[in-house]
Structure formats: C-alpha cells, structure tokens
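What follows is a pair of complexes built around subunit A, which joins subunit B in one and subunit C in the other.
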Partner chain A sequence: MTGLLELHDLTVTTSTGRTLLDRVSWSLDAGGRLGVVGESGSGKSLTAAAVLGLLPDGMTATGRVLLDGTDLLTLPERRMRSIRGGQIAMVFQEPLTALDPLMTVGRQIAGPLRLHRGLRGPAAVAETERLARLVRLDDTERILGSYPWQLSGGQRQRVALAMALACEPRILIADEPTTALDVTVQAEVLDLLDDLVDRTGVGLVFVSHDLPVIARVARDLAVMRDGRVVELTAVAEALAGGQHPYTRELVSAARAGQLPRQEDR
Partner chain B sequence: MKGVLFRVGALLISLVLASVVVFVVLRLLPGDAAGASLGVGTTTDQLESLRSELGTDQPVPVQYAQWVGDLVRGDLGDSFTSRQPVADLVAAKLPITVPLSLAAFVLAVLISVPLGVIAAVQRRGPVGVVVSAVSQLGVAVPVFWVGVLLVLVFALTLGWLPSGGFPRQGWDDPAAAIRSLALPVVTVAVAMSAVMVRYVRSATLDVLDQDYLRTARSLGYSRWQALRRHGLRNAAVPVVSILGIELATSLLGAVVIENVFALPGLGTLLLTSVTGRDLPVVQTLVLALTAVVLLMNALVDMLQRVIDPRLRRTGVTA
Partner chain C sequence: MSVDVTAPIDTTVRVRRPRRWSPSLIAGIVLVGLVAAVGLLSLVWTPYALDDTSSGARLGGPSASNWAGTDRLGRDLFSQIMVGAGNALVVAAASMLVAGVLGVLIGVLAGATRQWVDITLLSAVDLLIAFPTLLLAMLIVTVRGASLSSAIWAIGIAGSAVIARVTRVNVARVLREDYITAAQAAGTGWWGTITRHVIPNVAPTLLVQLMLLGGSAVLAEASLSYLGLGAPPPNASWGRLLHEAQSTMTVQPWGAILPGLAIVVTVLGLNLLGDGIRERTDPSLRGDR
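Up next, the complex of A and B:
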C-alpha cells in the first residue's frame, strides 16, 4: 500500500516499560477520511500525539510513521516542526482551552501564516480573513478582533480549524473536535469539516469515541481498544456488522443511543 | 474608567483606615516621648510640662485630628527628640533608602524571572532541580544573615567593597555611593529573588500544562517559541500580582539591611525613632510605607487589566 500517511507497528512505551500503544497500523490516502474510534484510554489521542512527535516527556515511540515514505519518527525536531502545522495539523477537543485567552483570535490565526509562510502585515490580514470565511465565520472583522472567551463554542472551534488549515496541510487530525460542543453546533461543525475536506482535499483523521459522529465524516475506520487496533474496515461495513466482537458491540451500542463505558464525557 | 475611580476610592479609604490604625496602635504602646527623652529621676512636673509642650497630654482623638489636619496641609510635624521638621528628616534619608530598595527590586526581577522560567521548563533537568533547591534555601535563610555572609566574603576577605557606611558627600561622589550600596542591594535582591523565583516557576509550570501551548506546538512552534508567544504573558498575570507585595518587601528588607550595613537611611531613622518614642517620625514613616504598598497594589491591579483583557470586562477588581 502507498498511502499518504502510513503507520506501521507504531508502539508507544513509558519510561517504566508500560506499553500504551501496541503495534498500531493504519494508512490514510491523500484526501482520504479515516475515523479512529474507541473508548477513552484506548490510545486514540496518543496515536495522534505520536504522529506529530508530541508525546509527553518520558514516552517513546517505535515502529514507523511514514509521511510520503519519510519516517517521521527518525526526523530531527527541526524538520518535524515544519511538518507540524505545515503538513499535518491538528484540532483539539476543547476549543476554549486550546486557544490563548490573552490573544485575539485574528492574531492567533495569523501566527502559523507567519511561521510557515512568512506572511505578515496586510498580506497576513487578508489571508486571515480568507481563512475566517473558509470556516464560515460570519461577521469576520468583529470575530477576528475578539478574544476566545468572547466567542461561542462553535465559533471557537471554527477558529481552531482556521488555524489548523492556515498553512494548507495535507493531513488534518481532528481529536474529538465536536465532543465539547452542543448537539446542534456539533452538527454544524461536522458539516463544515465534511465540506472543508471536499474543498481543500485535505486528508482527514477523525478521532472520536462516538461512532455515529464518525460515520458522518469518515469513510474508513480503525477500531481501537487497549492500545491496539482491533479492526480496520470501512465505516459502512462496520455499521453493517463488523468482524470483531468489539466493533459489533460499538455498533449495537450506537444504535441503542449510547456507548459502552462512556467514561470520557 | 469606572474601575479606575473605584480603585482610587478604595485606595483613599484604605489610607484613612491605615492612618487611624497607625496612630492608635502607637499610642497604645507603653512608654512616652517625654519619659524617654527626660530619662529616670525626673519630677512629675517636668514630665507634665514636656507632655503639654509636645501635645501628648491631649486626648488621643484630638491628637489624631491635629495630626491629620496638619498632614492634609502638608505639614508632617516636628520630631519630639530633635525638634526638626519630620519632612526634612525623612527627605535626608530618601537618597539612600529609595535607590537601595528600587535597585534591589529591579535586580530581583532580573534574577528571578529568567531563573524561574528556566526552572519550570527544565523541571526535571539538573538546572531546574538546582534552582529550586537554592531558592528553597534562600527562603529559609534570614536576609541579615545573607548580608553578613556577603560582607564576610566581598568586604572582609576579598576587600572589593566597603563593609558598611555611606560616603559623607552622599551622591556627590557617585562611585563611592554606588560602592557602598552594592552589597546591601545584592543582599536584599538575593533574599527577594528566592521568593520570587518560586512564584515565577509555578506560574510558568501552570502555563506549560495549558492546552494552548500544545496547540502552538502542534502548529510547528518550538517549545521556547510557544512559551514566548503564549506562555510568558499568561504567566505574567499571577506574577505581576505579587510584584506590589514584593516592592513592599524590598522596602522592608532595606529597612532591616540598613542596620546591618550601618547605612543612615529610613530604616535607621525608623529604629532610632521607635527607641526614642519619637511618634511624629514613626507614624509618618509607617504611614508612608503603607501608602507606598497600597499605591503599588493599585498600580498592579491596573497593570493586570492591561495584560489580561478578561479582567476588563467586569467592574470588579482582581
């Protein structure tokens, strides 16, 4: 297989020798849409952190994380920094805390533009406004001059999306991006994400504990449990009844309107 | 604007309350100026006549009204012992105490901010551990002991700097003045830094765990870039709040340390005035110190509003 981003036996261990991720393997094609589902503690977010080389101190990753054939795990930190934000960007669960409370969102969006694309002054302002419109932030001027805590949850997550997409990355990792939002806002953000992937051609890795949410935006599915991928399948096939008992458990729980051991709410 | 008016009002009320407390507490202390200046073996008549001359035979509320009335007109009164105007006595000491405490404060900020940030970033590294350990030690050691130690090393052993005193010509001989203030300044600054490093370190540690730093890292900023862009300003909010208290500490530190280094500053004046029950001088000095602390805290509040826009949206003070 020749995916844009390929994980081969990605394993993460702590300094005390505990294995947190156990030979995780999946692949994302250019413009692909991969959902990663699993309960809290299954290693979904840790996988994302390992891909970006942002594991907490004391954890080490082995295996291979190939971006266009280049192993990110062996890249020096300096080159990893140009990959982060430039090639692979990320959106986090809680947009209020993920944004700096003391900086206007306009300046926050402009940050990566300057860092990766060298844009500043009027060019940066124009590009920031374009990004704001891209993520459907109406009333652009007011919002860009606001602080994160002056915005609604949905607006904040759009700002986070604009920051992530600022440097036209090829891969967007969204880690529970709608979990902290109201249900109606959740639907809006999912629609937007769906639309952005279509329009920009960015490859999407959508991490969530919520299978129905994943089903709205993802095509392929990696089911994770206890640090392992237990099944790799298509979302449609999983919904029709997956191979692995845990996948079937997730599907039937989703049908019943709830998930097993929903402890991360 | 409303916030500023509120602040100024609160400041005035605090000052009035402070003046009452200072005045009453000093009059509750045993012993009086007349007794202290005349010594043992004086007759009651002599005491009574001196008390009436100084005005200390009046009821306390009358004395207070007299004092505040004079204060408002800019008259700080005369010293009981030397009979000189308090304003002149204080003004003569300012050129020592003010440079001493301001320089100590600035030096302490220059030492503690970088060290605190490094200690936080390298929290598990050798630098972080050493900085934390040394600051623990610094907090435990009394300020005058640091002074004595510095005198031992830099004045008595190495002979680089004077062990105490201030040049008779004062600031007309700037080099000598700076040399005599060097050790006292470092002493106060070291003692203050020990405390401030811990504040800076814990504020930075808080910020390092914040999600927005993770966001910045995920966008390609290095650890230091992320800290500079988002961390320092956020960490500054709690640190600034203690700066007012720390400036007061530097003044108090100066008062203590002037005695170690035999500097004729406000601290020395305060001590001799307390011993001589020279109430006009003592109450002026204590009230002035209180005013400086209150004023600093008001300024710090406003500075925080400048740094943190969240504090501006509500009418309440931080």
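Up next, the complex of A and C:
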C-alpha cells in the first residue's frame, strides 16, 4: 500500500539525546481521514511539527516522511516552504493566538493566496470571499474586515480553516482544532470540517486527545503514547474494543465521560 | 428601577475600539508642537541675527527690544533660544532615526537568527551600553569635528543599544507566538514572517521607546554642547547657552533660566508624548477589551 503521506520510523530527538518521538509510522491515503489520539505529551503535535519541518530549535528528526514518495525530511527549506500551506496545511488549537492580532482576517486569509497562488488585488479579494463562504462565515464583508479579537471562537476557527484551505492543499493537519471551543460550537466546526473534507477531497490528519471527537470525523486511528504509536486501527474497531490495553483504556474513559452522547446516537 | 430582560441582546461586535486622547498625549503634542513651531519659525525669522551684537546693552535683562535679554557680547538671547529649539529637535529626531534603524536591525538579527549571532550582537550591545556616551561622543568629535551631525551620530549610536535590546526581547517574544508558527505552516518564509508579522507587532513598543529616547537625546545634546562637543558658534544650542550663562548668572540670571526652561519643556513634552502613545497602544492600559 502506498499512501499520499507516509511516515516511516519518524524519530525526533533533542540535542541532549532525549527521544521524544520513537519510530512513529502511519500512512494517509488521498482523501483519507486519520485520527491521532493520545494524552498531552504523547507526541501528537510534535509529529505534526516534524511533518511540516517546523521542529523547535535543537530537535532533529530522523526516519522518513514521504509525500508522494518524496522525503520531506531531506528537502531544502526553500522547497519545504512551497509544501507548507501549498500541499500540507495546518489548523491550530487556539484560533485567537494562531491569528495575527494586528491584521484583519481578510488579509490573513489572503496571505497564503499571495504566497502560493500569486493572487493579488481584486482577484485575491474575490477568492477570499469565496473561501469565507466555503467555511460558512456569514456576513463575510464585516468579518473579513475585522480583527481576530473582534470575532467569536467559532468564527476565528472558521477563518483559520479558510486560511488552511486557501491553496487547495492535499493534506490538512488539524491539531486539536475544537478543543478551545464551546461544546456547541465544537459540534458545528466538526460538522463543517467533515463536510469540507468530503467536498474538497483533502486528506485529513486530525489530532486530538478526545476520542469521541475523533470518532466524528476520522476513519483510521493511530493511538499514541509516550512518543510511540501503540496501535494502528480503524476508529470503529477501536470503539468496539481495541487490541492494545491503552486503546481500551481510552475507549472506556470516553464512554464514562460521554454517556449522554453515546445514548442519543 | 426595573430592567427590561426581554429586550434583544445586542450581539453585534464593536468594529472599532474607542480612540481616546489621553491628557498626557494632548499635553505632549502641545508642548512638542510649541517647541517645533518655534524651531521652524527660527528658520525664517528671528528678532535678531545670531551674530548681531549691535542691538542692546551687554548682559541686559528682558526688555521690549530684547525679550529675553542679551548675553555678555550683546547678542539677543531670545533669538538664540529660538534657533536652539530647532537644533534640539533636529538632533532628537535624527538621533531617534539613527537609533531606530540601527537598533531594529541589530535587535531583529539578534532575536530572529541563529544563537551565535544573538550572543555576539548582545555582547556588542552590552559593551555599548557600558561605554560612556560622553566618551563615545568625544571619540566621534575627535574624528569628525564638533558639529550637529557628530552629536547626532553619538547620541544615535548610544541610543541604538537600548533600542536593540528592547527589539530583541520583543522579537523573541513575538516569534514564540502561535500566529508565527501558523504563518510558517502556511509557507511564509523568514523575511515575510519578519516584515509582515514580527515588525508590526513590536512596532508600538518600539515607538514608545523611541519617544522616550527622544527626550534623553535632547538632554544629551544639551550636555554635549555644554561641554563644547555640539554645534560650534555662531550656531546656537541650549547647552552652550547654559555654559555661557554660568559665569554671569549673578548678573543676568535669565541667560540660564530660559534655556533651562526650554530644555525642561521639550524633554517633558517628548516623555508625555511617549506615555500617551503607550497608553493608546498597550492593550493592558487601554481597559476597553
């Protein structure tokens, strides 16, 4: 099986020799939906940073990160830049801090358009408005002229999604995109994400500590613990009772915390 | 009193934050504006030429013909103070420019590139801060001769150390923000990150620091010209007026009082302006969020 994005034994070490990611391997097919679950500190976000080549100073990644067979870890920074945002886009946990406070959200959405598609002026404005509608931001004109702090959490995360999808990437990495949101807004954003993945065919890597949230959008599941992938399975199988004791632990914890939702399904 | 709980809640988000003009901002603008107006006027008109000694008595007090009195050579003091205002502001503005450009350049390089660059530049900056400004000024004057531009370079280079430090800390802080990672994840390169996100986000802090630097630049210019390291005569400077008035203070105190007052007004004005800008730009002081 050859996937669109394949991780082979991705290992991240610090300059002091500590191993933060230990031989992480998984694969994402074109249009696939992979959930990465694990508690905080298990290396979920670090995996995302390593894929994009945005590791903090002093950390080194070894192994292979193959995008269509090209190893991203060996790619020069210049080529990596066109891949970030162009091929692989990312949405972050806290949309308020992930948006520049001094720039209107319209200009921020237009940023990747200019970088990767060379769109400027009226063409960029028109495309920005199309993206705003795509992520179901209503009252687009006012919102695009607003600063991040003037918007609600849900609106901000939609803006972040619009930015990420601006250049029609093939892979979208969403790092806990709904964790900072209210439960009702969370549901809306998840539905939107689900719908966007269907409509655009973008491959989704959804990182979260919250198994029920992952279950709503992902098909495959990588369970991470202490920098290792302990189980690779399908979400449905995991919910039915995974192989690894830690997966079962996560499932039963989710059941205990999410009883009402399990009932109304 | 009853509250209508059925009234629809206004959910529209305020689009513009209120722009308040704080008293210190207004006072700063007025004071600096006054000094600037006098300085500008001196370019086209002064009551007497600076080297005109024919006008009145030597060491005369304020009179109808000489509003601030005359010095020991019989030159009009008011004209000299007017020209001094222009020079003080020119030195302040130009040294702010030098300090700003140099300081931001060093600060960004130190804060946003490799660690060894940071360590090297930071050591150089620390050395510059420890180096007495006066000694630096004397070195520059020795090389270039005493002039307005020598004073500007001395004050500007000394000030750039402070700006570089403030810039470096703030650049490093902004670079740790999520929106920088987000911008990089969207494919923005180093230069784009710096110009589009980092510089605009550190600019308000730097602007305030520059304004405060302007105040100390006026003081520094007065000190340098007091010591004879500023613009040579016949050009006028408040510092040299103080120096010349020192020996005749008991006879004609206005020669010291008025330039001193002019310095106080200018420095106060620039500091108030800095505070006023800070109040408008610092969200933690704005109180409307």
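The rule we apply is simple: the second predicted complex is superposed on the first by the 257 of 265 C-alpha atoms of A that agree within 3 Å, B and C clash if a C-alpha of one lies under 4 Å from a C-alpha of the other, contacts with A are read in each partner's own complex, and residues count from 1 in each chain.
Rule of thumb we're sticking to: a residue touches a chain if its C-beta (ideal position, glycine included) is under 8 Å from a C-beta of that chain, and two chains touch if they have at least 3 such contacts.
The structure displayed is predicted, hence computed values, not measured ones.
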Room on subunit A for both subunit B and subunit C (clash or fit): clash
First (subunit B), second (subunit C), both or neither touched by A:Ala240: neither
Touching partner for A:Ala126 - first (subunit B), second (subunit C), both, neither: neither
Contacts of A:Leu115 with subunit B and subunit C, given as first, second, both or neither: both
Subunit B versus subunit C as contact partner of A:Leu102, first or second or both or neither: both
Subunit B versus subunit C as contact partner of A:Arg142, first or second or both or neither: second
Partner chain(s) touched by A:Leu151 [first = subunit B, second = subunit C, both, neither]: second
Of the stretches 6-14, 24-32 or 42-50 belonging to subunit C, the one that collides with subunit B: 24-32
Shared subunit A surface residues [contacts with subunit B and with subunit C]: 52, 54, 57, 81-86, 89-90, 92, 94, 97-103, 111-112, 115-116, 149, 160, 163-164, 166-167
Complex contacts: residues of subunit A adjacent to subunit C: 52, 54, 57, 81-86, 89-90, 92, 94, 97-103, 111-112, 115-116, 142, 145-146, 149-152, 160, 163-164, 166-167
Residue ranges of subunit A touching subunit B (in the complex, touch as defined): 52, 54, 57, 77, 81-86, 89-90, 92, 94, 97-103, 111-112, 115-116, 147, 149, 160, 163-164, 166-167
Touching residues (chain side subunit B, partner subunit A) in the complex: 124, 210-212, 214-222, 225, 229-230, 233-234, 237, 307-310
Footprint of subunit A on subunit C - complex, ascending: 13-15, 115, 177-179, 181-189, 192, 196-197, 200-201, 289
